[in-house]
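Next come two complexes, and both contain chain A; in the first it sits with chain B, in the second with chain C.
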Partner chain A sequence: MSFLTGLLRPSLPPGEHFGLLAEFTSPAELYHACEGVRDAGYTRWDAHAPFPVHGLERAMGLRASRLPWVSLLLALGGGITGMGLQGWVSTLAYPLVISGKPFFSWPAFVPVTFELAVLGGALGAVFGMFAMNQLPTLHHPLFNSQAFERASDDGFFLSIESWDPQFNPDRTADLLRRLGAKEVELIASAPRQAPALGGATE
Partner chain B sequence: MSAPHHSGGTGPRPASLHTDALHLPPGHSWHRLPTVGLTLAAVGLGGSLAFGLLGGTEARHQLWHSWLVGSLFVLGISLGALFFVLVQHATQAGWSIVVRRLAENVMGALPYLALLFVPLAVLGLGDLFHWSHPEAVQSDPLLQHKAAYLNVPFFLIRTFASFAIWSVLAVWFSRQSRLQDETGDHEITRRMRRRSAPALILFALTVTFFAFDWLMSLDPHWYSTIFGLYFFAGSVMSFFAVLALVALAAKRQGLLTLVLSDEHQHDVGKLLFAFVAFWAYMAFSQYLLIWYANLPEETSFFAKRMVGTWSIAGTVLALGHFIVPFFFLLPRTIKRNATALRLAALWLLAMHLLDLHWLVMPNLHPAGMAPGLLDALTLIGCCGVFLAAFGGALKRRALVPLRDPRLPESLTFENV
Partner chain C sequence: MATSKGMNGTHTESTPPAGLRGQTVETSHGLADDPDFLDPVGHRPPLILGAPSFHDVTEAVARPLERPPTRAWWACLLASLALLGLLGVSIGWLFWEGIGVWGLNNPVGWAFDITNFVFWVGIGHAGTLISAILFLFRQKWRTSINRAAEAMTLFAVMCALIFPGIHVGRPWVAYWMFPIPNQMGMWPQFRSPLMWDVFAVSIYGSVSLLFWYVGLVPDLATIRDRSKGLRRMIFGAFALGWRSSMRHWQHYEKAYLILAGLATPLVLSVHSIVSMDFATSQLPGWHTTIFPPYFVAGAIFSGFAMVVTLMVIMRKAFGLEHIITMKHFDYMAKIMLLTGMMVGYAYGLEFFIAWFSGSAYEVFTFKNRAFGPYAWAYWTMVSCNVFLPQLFWFKKVRSSLVWLFILSIFVNVGMWFERFVIIVTSLHRDFLPSSWFYFRPSLFDVTTMIGAFGLFFTMFCLFVRFVPIVAAAEVKSVLPQAAAHPNEAPEIEPALPGRTDLLPGGAR
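Take a look at the complex of A and B:
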């Protein structure tokens, strides 16, 4: 069980601060900032935009995703399972003569093999994506930032995590400002205290 | 796509396009395509007619069967182009604008390819189709049963109607597209979209019955309702192979170098891959049902193709038309690599040709494969006609739809 709950817990940088969050005003600025952060040698960081920005993966220097391999492996696994199960049942476990055909009538097994390969590939793609994105993550330290709420509306953000070997709260913040950040915010690791219900705000 | 497509100079795109790169420049070697094509056509078709018609009955039978394979090979490519253009309009596709003119030029061959079927219809019917002989029908209750459909006048009417429909569609959609180059009228785009869906229905019906008529009725006792789709799947695949080859060749020849990107190549590769899989889906669906039911009137098709070297051809098709290209084309990097995609396209064209040979020739050579000079000559001749028509269309207009409203979208297209 602890293994499963461990899977559900996102891997986050230890320590008091999650990292720095920088806000940019346009996708083009975000794009160029990503190039700058990439060229500065940072490795543990991410970009956030309300819509897909084409070419951003190149600007960020991301490797090709390994997700297709997960999908392919599970597709092959599904196909082998489908053909293997039918072959085993029809030749060894419960051989029956069906319309005078051989026990191992592979053409008849192809539809199920195909369907299980598709099922395996699809499940691999969906759940592999979930696993690689560490989803579901119910809370994330970036939610501590009020400004970050606009990442799904009209805000363009770049976050650098504190466990990046290059990370230094001051120098990294300077770099982000030099790259055109409108606002740079230090993000705490601990969740923000929820405001008391019905309480006075002052 | 509803998301914004590009965001202010984010990609490594050229800042300006020179209009001279969008037309075939004067003196470019592709201006000679019509001459080369016509020469090949004269040599190939003339030679095959000389050998076939002067060589006795056997050579004449061979001539028309080979001629049929060659004609269907180039016809399939052009029909695939028509299908592609219609689907791009029906789906309002943005990415494909930069390759659509190349496809329009390929489908522009359709009226000329009708000429290839004139000798077949005038001289070849008797040698190709058992059912076209009244005395054969008289002694065969099954053929009598089918005579209301399978008779020469109705067959010729259907063939004529198919070519008329294809030619009208090809000419109309090409002409509208070219008209837009001049006027830039967005209404033309809407008009083509509105007409594309009914055109696709006509396309589906004509291609199905054309395949029934010219391929399936070679063996008039046999029938398979999926056969039209089988021919369609292989044909569209062969078109995407040609589109990939033409686009890559154009870039190599210094045409459209700023327009066609790896992204467009990738998408053509994806469609090629998709139709490799779709052909296999159709081929296996046909095989599975016939194998499972095991009814003599249906199994005769495969029984015929399990004799001698035909069974080797069938195995080569299963491996070379599906298994090998499927796994070869699967990785993203292969589809984005010009050399690898060119190799796959050439290979698949060869496989499609073998597929047509495998469909037609067991009727003539039941004992085993017997490829010969007439096969080569007719193929060269038919490809020559196709090349001449394609080259002629290429010269007459810009290489991309210059004022299509979605051209900017296509130019900046990227696979996410």
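Take a look at the complex of A and C:
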């Protein structure tokens, strides 16, 4: 499955610079800029907003998440485990005659089967989501940016990574400014180090 | 308010939201005072009052964590801890001395213990209703209260889980309830609803914790980015390095939707299974098919009462009046009115079915319930759950915090009595009059019940101190300026003639 190969792929670009970080003033500006970056043919880039801006995944041209399949798989696994455990216990491991019912009285096993299916689906959704997002990743070059702290508050950002085939520090920065970026910042790869070319450039 | 650095998020002046016809969005602050201002997407009044910027929401949510604790908080915490200590003493004495310290007797083998269990599980259900069912129904007002309601769910399930554990008489073998391989070669009996209960409630607790934590991650990142030093490290670790990435949000939203879709049937199944603890037995008063929906409605009823009780205090204590508005209380009062009438209907129908069944035992049980030795408990229940909530028909009551608070306390009391009535009145008159007995709670019955509130409020005090109490990311997403992008607006017109590129399909 492709999401598994995604987990194995290194997630950070090599080289001195992680990429460019552009700040926009509103969800609408970010939306518009994402359309522009998408149409310019960039592939390794991302948008950052304090809340999921609706429709932005379309503006970015993202494919629908495959997470439901992971969740479904684990839900089925949970359900099969539930029915299997109860069936095995009731027929082989510890058979008990209860009110003259057959040993494999499956209707009585439905509640526990259902609950375990829900548990499997929930674990799949949560840990599948973290896995697909490669979280936890406690260190990331984007955290080098002071401005980026506002991404979880009221800032709207667009980052283009330096290993994108289209990436060129000057031309990409120009594109971002044309798309309405308020500030464009070059982000260093090395942690805990000031950006090599200095912070904000107007 | 508008002193945020750099940008304050309400940059509607640069791009008016599409679909806001004829209205100029020069400053959102001016719009707040205009009673006719409608949300540009839903064409409804805004959910959050005062037209805060995104940064204002962050400030409002982060403030309770960042300021030093108030005296009132210390007072609440110490009082709760005292009650928690009472719970510890009561359970300690129970373990030392045995179940005899409770007032149980021969026909009444379940009383306060299982009453408390069902009461606390029921309290939890409103949190899941708010977080999951209202999410699926796209009820955006839930965003202001879902974090606290989910926390309430978790703490209520913690309280609930105590009681089946301690009521078994020999608590050191409580692990027999779980399918753990053991040297005796012994396994649980999976045809018993009590066994289903073990799975249902523990999985309900686990899924509620997952749901709560997933919702918390973006807000923990918000606190991380505002803080320094040790606090930054702790919140950073729990935020897992969340960087608000849209590629992450995409999976995140899907995960949230799946969790909501799973939690919805889960919460219905949990209280249905709890009700089957009773309904699958052959005891008159318990053996009835109406129990699952009746219990679920009652659970939501009592849970919303607890949410109202807590929110009235919380919004005042932390200055969240603009986020948890009177409209939220109005909605919750209406839900309580509806579910209160549903339980009222169930009370009535139980009598009808008892008569209609033609079973002398059923008829006797219900006559005895309303007019027998426990009539005082029955009529307390009916008054608190059916008669008093009728006051919610009046707008004046729904918009008065005092009334809401008082009525929510009455509903909490009434719903506790509902479980007590169902359990004890059905048990205390056995089939043979020689086995009739009246249950009186002992001192330790009462202290255990009160002590559980100590656990609940201790956890809630710690929650409001150390965790963002409002889902800031979700609240931001229901602000009018968050919808300033094209694809959501129902009727799209270019707000500015030059910006057709903001329409779907524009500039593609």
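Going forward, the second predicted complex is superposed on the first by the 182 of 202 C-alpha atoms of A that agree within 3 Å, B and C clash if a C-alpha of one lies under 4 Å from a C-alpha of the other, contacts with A are read in each partner's own complex, and residues count from 1 in each chain.
Criterion: a residue touches a chain if its C-beta (ideal position, glycine included) is under 8 Å from a C-beta of that chain, and two chains touch if they have at least 3 such contacts.
Remember, predicted model here, so these are calculated numbers, not experimental data.
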Let's test your reading of the overlay: on chain A, do chain B and chain C clash or fit side by side? clash
Touched partner set for A:Gly155, first chain B, second chain C, both or neither: second
Contact-wise, after the overlay, does A:Ala173 reach chain B, chain C, both or neither (first, second, both, neither)? neither
What's your read, chain B or chain C touching more residues of chain A? C
Would you sort A:Ala108 into first (chain B), second (chain C), both or neither based on which partner it touches? both
With the two structures laid over each other on chain A, which partner does A:Tyr31 touch: chain B (first), chain C (second), both, or neither? both
In the superposed arrangement, does A:Ala40 touch chain B (first), chain C (second), both or neither? neither
Under the stated touch criterion, which partner chain does A:Pro52 make contact with: chain B (first), chain C (second), both, or neither? both
Based on the A-chain superposition described above, do chain B and chain C contact any of the same residues on chain A, and if so which? 26-28, 31, 51-56, 59, 68, 108, 111
For the complex, which residues does chain A have touching chain C? 25-29, 31-32, 34-36, 39, 46-60, 62, 65, 67-68, 71, 75, 85-86, 89-90, 93-94, 96, 98, 101, 105, 108-109, 111-112, 114-116, 118-119, 121-123, 125-126, 128-130, 132-133, 135-140, 142-143, 147-155, 157, 182
Can you tell me which positions in chain C touch chain A when the two form their complex? 4, 6-9, 11-12, 14-15, 17, 53-55, 58, 179, 185-191, 193, 195-196, 199-200, 203, 206-207, 210-211, 213-214, 218, 221-222, 224-226, 236-237, 240-255, 258-259, 262-263, 265-266, 269, 273, 276, 472-474, 476-477, 481-488, 501-502, 507-508
Where on chain B is chain A touching in the complex? 3-12, 284, 287-288, 291-292, 294, 330-332, 412, 414, 416
Spell out the residues on chain A that touch chain B in their complex, using ranges where they run on. 26-28, 31, 51-56, 59, 64, 68, 72, 99-100, 107-108, 110-111
